[in-house]
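Below: the structure, in C-alpha cells.
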Amino acid sequence: MADFLTRHTKDPAQKKLDTARGRGAYEGFRRALAMSRQEVVAEIDASGLRGRGGAGFPTGRKWSFIHAKEGQSVYLLCNADESEPGTFKDHHLMTFDPHLVLEGVAVGAYAIGAHRAYIYLRGEYASIAETLAAALREATAAGIIGQSCLGSGYDLSVGLQLGAGAYICGEETGLIQSLEGKRAYPRVRPPFPAVHGFLREPTVVNNVETLACAARIMAEGAEAFARLGTRQSAGTKLISVSGAVERPGVYEVEMGYPLMQFLSHEAGGISGGRRLKAIIPGGTSVPVLTAEEAAPLTIDYESMLSAGTMLGSGGMIVFGDGTSMPHALLRIAEFYAHESCGECTPCREGTGWMAWVLRRLLAGEGRPGDLGLLLRVGDNIEGRTICGLGDASVQPVRSFIRKFRQEFEALAPLPVAFPAWQLHGHGPRTGRFGPPVEEAAQSQPVEGPPDYVL
Amino acid sequence: MLTSEGLEEIEATRAEEPSARHALLTALRVTQRERHKVGPEEIEYIAGLLGLSPAIVEGVARFYDQITASPTGQHIVRVCGGITCYLSQSDRVAQDLKGFLGIADGEETSPDGEFTVRLVECIGDCDHAPAGMLDDRFVGPLDERALRTISER
Amino acid sequence: MPIVTIDGRQIEVEPGTSVIQAADQLGVEIPRFCYHPDLEPEGNCRMCLVEVDGFPKPVVACATPVVDGMVVKTPHTSPVASRAVRGVLEFLLVNHPIDCPICDKAGECSLQDFYMHPDYGQHRSHVDSKEKVHKAKRVDLGPRIVLDAERCVMCSRCVRFSENVTGYAELQFIRRGNHVELVSFEEQALQDPYAGNFADICPVGALLSRDFRFKRRVWKLDYTSSICAGCSTGCNLRIDHYDGHIERLIPRRNPDVNRSWLCDEGRLSYKQLAMAPRVTHPHQDGEKALWVKVTAAADELLRAGTLGKGLPLAALASASATNETLWLFRRYVEAAFPRHLLEFRLAQETEAVRERQDKLLRRIDKHPNTMGALHLGYTAGMGLEGLVREAEAGRLGALLMLYYPPLVGEESEETKDRIRRLLELAQESVLLTTHHLPYLAGAKILLPVAAWSEEEGTYTNYQGTVQHANGAVGSPSAARPAAEVLGDLMRQATYGRPETEPGRVFAEIAEKVPAFRGLRYKELASRLATAYPPEGRMPYGKDGFTGH
Amino acid sequence: MAKTASRVIDVRAEAERKSAGLRSTTGTLAGLEVTLRNMVRPQHVTIQYPEQRKAYSRRFRGVHVLTLREDGSLKCTACYLCETVCPAQCISIDAKDVDDPRIEKAPSRYEIDLARCIFCGFCVEACPEEALIMSREYDLAVTARDPETLTYGIEDFTERPQIAFYGAGFRPHPEYPLVESYVPGERDGTPER
C-alpha cells in the first residue's frame, strides 16, 4: 500500500482549501511557477511518469511535443471522462482530493504554456463536478488559479464541462470534439492534438491521475517519484478493483506490487471463499488473464505486457469460480456495440456484429463456425479503425474465446470450424501493444498516443 | 421554455467559450434537466437560442445517452449494467426496482411520471456493485434498503 | 518536393499532398467513400487503406501526407491492403440492403463497383435481412432529394458538404454505432439551393435525385461533356442523355470554375428547353418555308430595308450564343451592312457580369457568354431600350436578331415588352431563335436554330476562361446551328465563304481576337476528358472505366 | 484371364460373317424398316390446327406473363434488368412510386414489342423477382402491321385470356408449383381473339 496520491483522501476535510493547503496543497504548483516551463517538463520527464489513463505514454515527452507558433493558444484538457468499465479511480481521487486534481491541472497547464484548461467529466459525475467547482471557486478566490496565479504573473482559467453519456468522449480527440459541441467523433491522426487539437490549436489531453501525479512530483521532486516503483514503471498506481473480491475499492499501490498479494491483502481475497477464475487487469479493453497466468504477475506496465495484457487504466475486474465467461463477454461486447460512436466502418459494423453473434450463441441459435467468425471479425476490426475503441472491443472477445475455449465450444454447434492458428495466435502479437517496453522506451515515438485506453 | 436559471447557465457558458456551438452540450444538459427530454421542439428552441441549424443540434443531442427524445420521469434512477454490476445481477435489480415503483414491463417510467428506471452502461462506481444513481447521486450498492429508500422518496 | 512510389510507379508531388491525391495524379485507383477532392478529409470509411513501408499496419491514404521516399502499395498489389479493404467491405455489407436491382445508383455506385472488384472485391454478406439494422426508407427531402437511410455508408460527404460548403447544415447523423442514421431534422425539406449535389457526392444510393429517380438506368445513358448555360459562371457539366433526350445534368470537376458542384437551377436548366414549343421549321410571314428559299429571302429583306432606304441595320445578338456564333454574326453584319448598330442585347449585362448571387457559384448574369461577347467586340451601346427608341423614331431600316431564351429564370416583363415592341416596329425583321414564344411572334422571317446542348462551341465565363461544350442531342426537325445559318446568309450575297465548323471558326477568332490568342480548339475540347467522380471512372461499358 | 479373353471380338471375322449370306436382301429390308413401321402406324403425323392444338413443353418460351403478388399488385419492381438484357431491345418500362413504403417502385408502363421479340427468355432469366415468366402461347398471327398491335402492355401481360388457355411455360423454377393467384388467369378456358 502506497500513499503518494492518496495520503489525505480518507479525510473529508481535505476537500476544504484551508485543510488541504495546511497539508501542502498547491506547493507543487508554487514550485513549478518558480521554474521555467522547460524545467517543469524536464522534471516530469525525469520522474518517469507515464500516462495513467491507459496507454502509458511518458507524460514529460507528451508535453514536450507542444510547440506553439506565434499567435497560437495552447490548451490543456483534463480527461475525467472515466468510462472504462471497472474503472473508478478518478471518481475517488476527484471526490476526496479535488485540490490535488486542480493543482495537477495548473501544473500541466503551466508546463505546456496553456492559459485555458478544461476538465471534462463524464455526465454521471455531475456530483463530482460540483465538488470540483466548489474547490475551483475556493482556489480562484484564494488567488491560486485565475489572473496571475499565486502572484506569479501566469494567468490560468479552468473550465468544467460535463458530458452527457458517451464512452467515446474519453478518447482524446473524441473529447476535443465533444468539448467543441460536436458529435464526439474521434479525429483521424495525423494531425495529432499536439498540433491540431481543441480549436485546431496545440492541445494536450491528460488523465486526472496523471495530472495529480504531476502535482505531487512537483511538490516532492522527481526523485521521490522515480524512487518508487520499477525501472520502467515509476511511482504508484491507483488500482480500482471490483467484482468477486471481499473489499472492492480504490487502492494505491507501488508499481511492481505482486498481483496476488494485492488481491489477497488489499482486496481482501476472492469473495465467498471462491477461487479466482480470471482477472481483467486494466478495464475491459485489455485481454483477460486466467488465474494461472495472473499468479506470477506484478502490478506494473512491463509485467502485464509480458503476459500479453496491459495495466491499462488500472480498473481490475475479478471473476470468481462459476462465472459464465460467455455471458460476461456478451455483456462486454454489448457495451462496445452500444458505445461505438459509429464514425468509422469497421468499429461501427464490427462491434454490433460481434455482439449479435454472441447473443445468438447464448440464445442457443449459434451456427457452425460462429466462433471462427467472431475471431475473424475481430481481426478485421483491429488496426483498421480511427481510434482505439475498435481495437479495445476486440481484446476481450479474442482473449475470452482463446482462454475459455471450452465454455464457448459448449455453446457453438459442431463442427467448430476455425483453424488452430486463430485460436492460438501466431505467437506474441504485436500491433496494438507495439514492441516490448524496453524497445519502446528507446525508440523515438512516431505518434503521440492517446491518453485513455479505449 | 427554460427557467431563467437555466438560461443564465447557458449564457454564462456561451460567454466563456469561443463560439456558441461550444455551449451546445451545456444547453442540452440544462434542457434535459429542466424539461426531462430534448425533443423536436426543444431542439428548435436551442437551435434558435444558439444560432445553429436544428440538424446540428439534433445530431449532437441524439449522440448522448443522457439526452433523451422521449420524456423521463421527474427522477431518473440509473442502474449500472456494466460488467461488474452485471455479474452482481444488476439486471434483476432493475427489474425489482421497476416492480417496487410500479413500472410495467417494457416501460421505463412509472405511470405517475415520477420515476424513470434505466439500465445504463458502466457509471464508474463499480466498488458499490450493483451500482446505481438517483439523479446525480450515487446510491449503490442497490441492496434492498437502497431500493426502499429510492421508492419511498 | 517529395517523391512517392505507388504500386511501383513514382511521382513527384507538392509537399502536403495526401497519398490518395498522389495516387489520383498517377492514375492509380484507390477505393474511397468518404474522401472527396473538394471536401476536408475525414478518414472514416477506411476504404482507402494502403500499405506503407515502415508502418506496422495499413494507413488511410486520404489522411496520410506524402513523405519523401514513401513506398505505398495499394490493394491492387498488396495482399495486406487488399485483406484490409475486403474486411471493410464485408462490414459495409453487413447492414446494407444490397438491393442493387431496384436502386437507382446501380451502375454508378462505388460500393457496387468495389465489391465486384477483382483485387479487393468482397461479395460476402453473412447477415440475413432480419438481422440487419433497419432504417428509414424513401424519405422525402423536398423537391430535389430522396433519402434511403439503409443504403447509407455513413461516409459523411453530404454532412460535410452541407456544413462546410453551402453552410446550410441540414443533414446530420443521429444515434451511435450501427444505428447511426442520416437525417434531416424532422424530415424537413432541404432548403439548400445546391441540394442536387447530394445525389452526386453520395457514393451509394442513399441520397438520390428526385428528378432523375426511376427515369433511366445509368448504364443506358450516353455522356456528353458540356458547359452550363444557366449563368455566367460556366460550370462544367456532363449531359446524360438517352435516345436524344436529356435525362439529367451532373457536374464535372473543374477546380478553377465550379470544383465538383452545380447549382440546382443549372442542374434543371435542361427542363427549360421544353418551356415552349420549339421552332422546327423556317417561317416566312407566319408560313412554313424551305431553308433554300428563306435564307435568300432573309438576306434580301434585310438589304432592302436598309441599303435601299439608307437606314441602318439593328443587329441584336444574345450573350447566350457561342463565341463562334457571335463571331460570325458580327462578321456578317459588318460585311453586308455598312451602316449598322451592332448591339449586345442587354446593356445591364455588362455590369451584371461581375456580380454574384451567392458565395458559391450562382451569378446574377444569367448569360453564359457575356464575357465572350465583350471580348469579341460587342459593346453595351444603346441597349435594347435604345433600339426601341430608335425604332420608334423610324431610324431603323431592319432588324436582325439572334435570341435564346434564358435557361435559368425568365426574362423580365419589361424586357419581353421591349422585344415585342422592337419586333413590331421594325418592319423588316429576321429572327434566329429556338422557341415559339409569345413575345417573339412579330418576326417577319423566323429561322430555327439549335439550342444549348444541341450545338458545339465555346463559351467564355465571367473569369475569362474559354470553355468548350459539345453538342449532345439533335435539334428538332429543320433547326440548324446558328453558325451554319449565319454562314448561309453570308454566302447568299457572296460576302464571303466563311467556315462554319466551330473548330475552324475558333481558329479564326484565336488569330484575330487578342483575348483568344494562343488558344487551341482541340486542347479546349480535350480538357473535357476529365470527368466527374472519381476522376476518370465511369460506369460499366463506358470509356475510362478502370475496374473489372 | 480366360474369361476376359473370350470377350474379345475378332473384328475381321465378324465382318466376314456378316457379309456372307443374304446380305443384299436383309440390307434393303433394314433400310426400309422405319418406313414400313410408320406405314402401318395408326396415328396422324399432322393435326387439325387450329381446332386441334399440340401440347407444348412446360419449358416452352411463349408470350410473356407478368406475375402478381398475393394482393394482386404486380411483382415487377421496375428494375429494368429485362430491358437491359434484352438482345432485341424490345422491352420498355417506366417506373412509378407506390404507396407501400417497403416497395421502392413499380412499373407504370411495361411494354414488349412482340414483333421484335425473339423469345429467347433472357428477360425471364434476368428477372430477380420471378415477376416475368413465359406462357406456352405461340400463335401470334395478326392481320395489321401497325406497331401497336403486337406491343403488349401490363394489362395484356396480366389479363389476356390466352394465359389461362395455354398455361405457364418457361420460368426460372419450374420445379416449384405455381401459386395460382400469382399467375393471372391460370384457369380453364378457351382463347378468345
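A, B, C and D label the chains in the order they appear, each numbered from 1.
FYI, a residue touches a chain if its C-beta (ideal position, glycine included) is under 8 Å from a C-beta of that chain, and two chains touch if they have at least 3 such contacts.
All of these numbers come straight from a predicted model, not from anything done at the bench.
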item	value
Minimal step count in the chain contact network, chain A to chain B	1
Which of A-C and C-D has more C-beta pairs touching across its chains	A-C
Distance from the mean Cα position of chain D to that of chain B, given in whole angstrom	67
Interchain centroid distance [CA atoms averaged], chain B/chain C, Å	51
Centre-to-centre distance between chain D and chain C (centres being mean Cα positions), rounded to whole Å	48
Overlap residues in chain D, where contacts from two or more other chains coincide	none
Residues of chain B touching at least two other chains	59, 63
Multi-chain contact residues (two or more partners), chain C	173, 175-176
Those chain pairs that satisfy the touch definition	A-B, A-C, B-C, C-D
In the complex, chain C residues that touch chain B	163, 168-176, 183-186, 188
Contact set on chain C toward chain D in their complex	99, 101-103, 137-138, 214, 217, 219-220
Sites on chain D touched by chain C in the complex	77-81, 83-84, 94-97, 101-102, 104-105, 128
Touching residues (chain side chain B, partner chain A) in the complex	16-19, 21-26, 28-29, 32, 59-60, 63-67, 78, 81-84, 86-87, 120-129, 133, 136-138
Touching residues on chain A, where the partner in the complex is chain B	82-88, 91, 122-127, 159, 161-167, 178-184, 199, 240-244, 248-250, 284, 315, 317, 319, 323, 328, 331-332, 335, 338-339, 341
